[in-house]
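Shared between the two complexes below is chain A, which pairs with chain B and chain C, respectively.
Now for the complex of A and B:
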């Protein structure tokens, strides 16, 4: 219990710090952070499955896009408001992750990676195929006038920042609580030694399934929030690239740490941002930085900090 | 005390692509007994207990535990009915602390007083002072004892130990024998063991497997004097 309390207090401190940053950073950077916080929620969902449970998915863009299109299509074609749109996005992500989890978890290891990749490709193709509603590759915009949640205009930068912070904060506290719970510790046990966990009497399959569902719903929540805050729904977000991003964020920030996803996302954002100011070969600089980090900090930024300096980091 | 059967098998068999590893084994284990399962290498001992715990699917036959047919149950459900199992090749959560290893076992059995139960279990294997060590940093012998503590903390009604003393020092073996004697009565123990001194010191009753079949059953004295057992072990069998 003491452990849970300390983790929650630490996370509240981080949330407070992020709130404070809005008032100290120039507008450009707070805009970047708003986007990074939403993508960090996506990475946190990914991290629960990859970092804590040891399941490497290459198809999480499907969950992100499901949340995004669940909200976007409902608002566009059913003429519902933002709050109902969010409900649609979350339910869509819940249903899809439940079904995909059930099917994909019949496999393990490399086969799991391939199966999730294929499901995500199928999802991407379905979005293109249903171009009449989804506008295919081009996507569609959600008008600023519709992006109003409980009377708050989310197209305004300050509102957008704090909406992203609320989502990030809730997700961080939730993840912090999950990974410190008996359930979360069992996920780690499954990651470490699945057969031993089974022979301690744990229903390994059910634990993994629930992990896929929580992971998928968080990713979907991030997708829905992205559409709502930035006003665009497009098939790009369902591509393989968007399945790889959370993996990169988590690896850089620290797999199996609660703050790794945020740190990795922000790091990656600024790495690309800064290097593209210096040269057009910015991906080269980004690549070298990634290789150096992988070589010298294989556990990611927060992972290394936990290993070397702060062993109490959640 | 009337013997109540805790675990029994009828005609339990396992075939691997033409090879019969375990053949038609009828087995009965009364509550509270310490039973040793012995036999030459390849006799089918690990396969047999694998089918009891559900790690290995049987080809035919049935298993009853606590009056319930568990033949079709998956391993995790059998464990949650009150079995604990230690692997022949040590299987722990290497990167987690000793405390967390045992706590994982404790929490599955019951969410109550986890920390004090973990301390008790580690105390029983003389490892209370190593709670905060990372499991992979332990010596091999201590890793084996840790796995035994993970079994003990579940307060199982049946504790299956697959060659627990393999790789232990002689003083650790003495401590293990004392430990098994101390849990006798509360816990039924099924022990696969090659070390005959351990078998003779702990077992109430012995089952000998050979070529996947029950060769003999009896007390330590009976087994020691059994001609068939002697020939199986000494390789003078005419069969």
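Now for the complex of A and C:
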């Protein structure tokens, strides 16, 4: 209990710090942070599966895109408001992650990676195939006038930032609670030794399935939030590239840490952004930096900090 | 974000916090907070900053390379002639990776980090869709060179304009008269199964059928396809014209396999040069295209009756008579599209001069000045041809070119009228508030 309380207080401190940053950072960087918080939620969802459960998915873009299209298509074609759109996005992510989890968890290891990748690719192609409604690869914009939630205009920078912060904060507290709960500890046990966890009487399959569902819904929430806050819904977000991104964010920030996803997302953004100011071969610089970090800080930034300096980091 | 900057509360807050932030020298020194150095008021002698959203990497890189060259050449010309309102143009280029998320981030950089006056340049439609909402929110004029129908369809906002290049709907519809009168009445369409292909499928088939033609078959090719032989047997035997718009790296395979399928007795074939932009028509495997027709936004090869405007434009950008770089004959340009950068920059110049543009506070005046434009005569500023700009839909209309592949070169066979490209307005952006 003490552990739970300390973790929650620490996360609340981080949320407060993020709120304070809005008032200190120039507007460009506060805009970057708003986007990073949304993507960090996506990475947090991914981290629950990869960092805590030991399941490496290559198809999480499907969950992100499901939330995004669930909201976007509902707003575009059913003429519903933003709040109802969010519900559509979350339900869509819940349904898809439940089904995908049920099917994909029949496999393990490399097969799990391939199956999730294939499901995501199928999802991407379905988006293109349903071009009449989704506008295929082009996607569609959600007008600023429609992006109003409970009377709050989410196209305004301050509202957008704090909406992203609310989502991030809820997700961080939720993840912090989950990973410190008995359920979360069981996930770690499964990650460390699945056979032993099974032998001890845990229903491994059910735990992993629930982990996939939570992970998928969080990813879907991030996708819905991205559409709502930044006004665009597009098939690019369903491509394999966007399945790789959360893996990179988590690896860089620290798998199995609650703050790793945020740190990795921000680090990755500025790595690309700053190196692109130096050379057009910025992807090379980014690639080398990633290799170096992987070689010399294999547990990621927060993971290394926890290992070397702050062992109490959640 | 402009609101945030203009709000008195935020000014006070920002002023106070700038002092705090100045103490955070270590962070600022890292380069993460370049904006903290202070906001200097725009001075009339300062350059006009144009944010150039360029596809340097990703699927649009070949286009981006030539959009960049065209842009640099145009700015050099304009600056040598005195700039805009006596101020030089400074291009601030950022790679969008041909990615809609990065595209939006780049627009944010232009607006709130580089303090650009306007942004321009994007080609790929999904990047436009991803970026335009942010441009509208940041109140940043966003001049796209995309040829997508997104602007004129009303899907975007008042800050997004496409005055320098025609859109796919007008291009496609303008092909129907030529094909039905010269090539045949029974068409089979082969197109990629995504938005670009669907635009062709929908707009062309409607325009063609309205002229009494028949679309025998619509063959959609999945974007992941690398071999096309299984699709060719679907082409009905009585097809008189094949209309193809395949794009991407697989296009060479597509043409080669189509040639093997038909052999010497092929029907008339009509395609869009988008398939072969930046690709040498004389490449091995493309011999089959000899005698076929292509839409061209701007004729790649210098024609017999080349205008003096095209000559000057070609020379300024560094393109030879075959449409390749003057320094490397294998570096083929994206000639059918890149003129849009040249023309758009001249429109921005004309708009700024008409609006007596002095700084970001005059952005809305600039948009209104461009909206007031209409006729754009064939000139050094518009080397592709005359244009008719529709201020309500933010979309320009212009001549389209149809060329025939003859001995490995594209020879102009037909020029459409501007009237052939017109369609009914789908939006009135001028009715939207800023």
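The definition used in the following text is that the second predicted complex is superposed on the first by the 314 of 314 C-alpha atoms of A that agree within 3 Å, B and C clash if a C-alpha of one lies under 4 Å from a C-alpha of the other, contacts with A are read in each partner's own complex, and residues count from 1 in each chain.
As a working rule, a contact is a pair of C-beta atoms (placed from the backbone, for glycine too) under 8 Å apart; a residue touches a chain by one contact, two chains touch by 3 or more.
Because the structure is predicted, anything quoted here is derived from the model rather than measured.
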Partner chain(s) touched by A:200 [first = chain B, second = chain C, both, neither]: first
Partner chain in contact with A:287 - chain B first, chain C second, else both or neither: neither
First, second, both or neither for A:128, with chain B first and chain C second: second
Chain C versus chain B, contacts on chain A by residue: C
Chain B versus chain C as contact partner of A:189, first or second or both or neither: first
Intersection of the chain A residues that touch chain B with those that touch chain C: none
Chain B partner contacts - residues on chain A that touch it in the complex: 182, 185-186, 188-189, 192-193, 195-204
Touching residues on chain A, where the partner in the complex is chain C: 23-29, 31-32, 35, 125, 128-129, 131-132, 135-144, 155-158, 230-232, 234-237, 270, 272-274, 276, 280, 282-283
Residues on chain C engaged by chain A in the complex (per definition of touch): 1, 3-5, 13, 17, 20-21, 31-36, 56-57, 94-95, 99-102, 104-105, 108-109, 111-113, 125-126, 129-130, 132-134, 136-137, 148, 150, 155-157, 193-196, 198, 222-224
Residues on chain B engaged by chain A in the complex (per definition of touch): 53, 55, 75-77, 79-80, 85, 87, 91-96, 100, 103-105, 107-109, 111, 150, 154
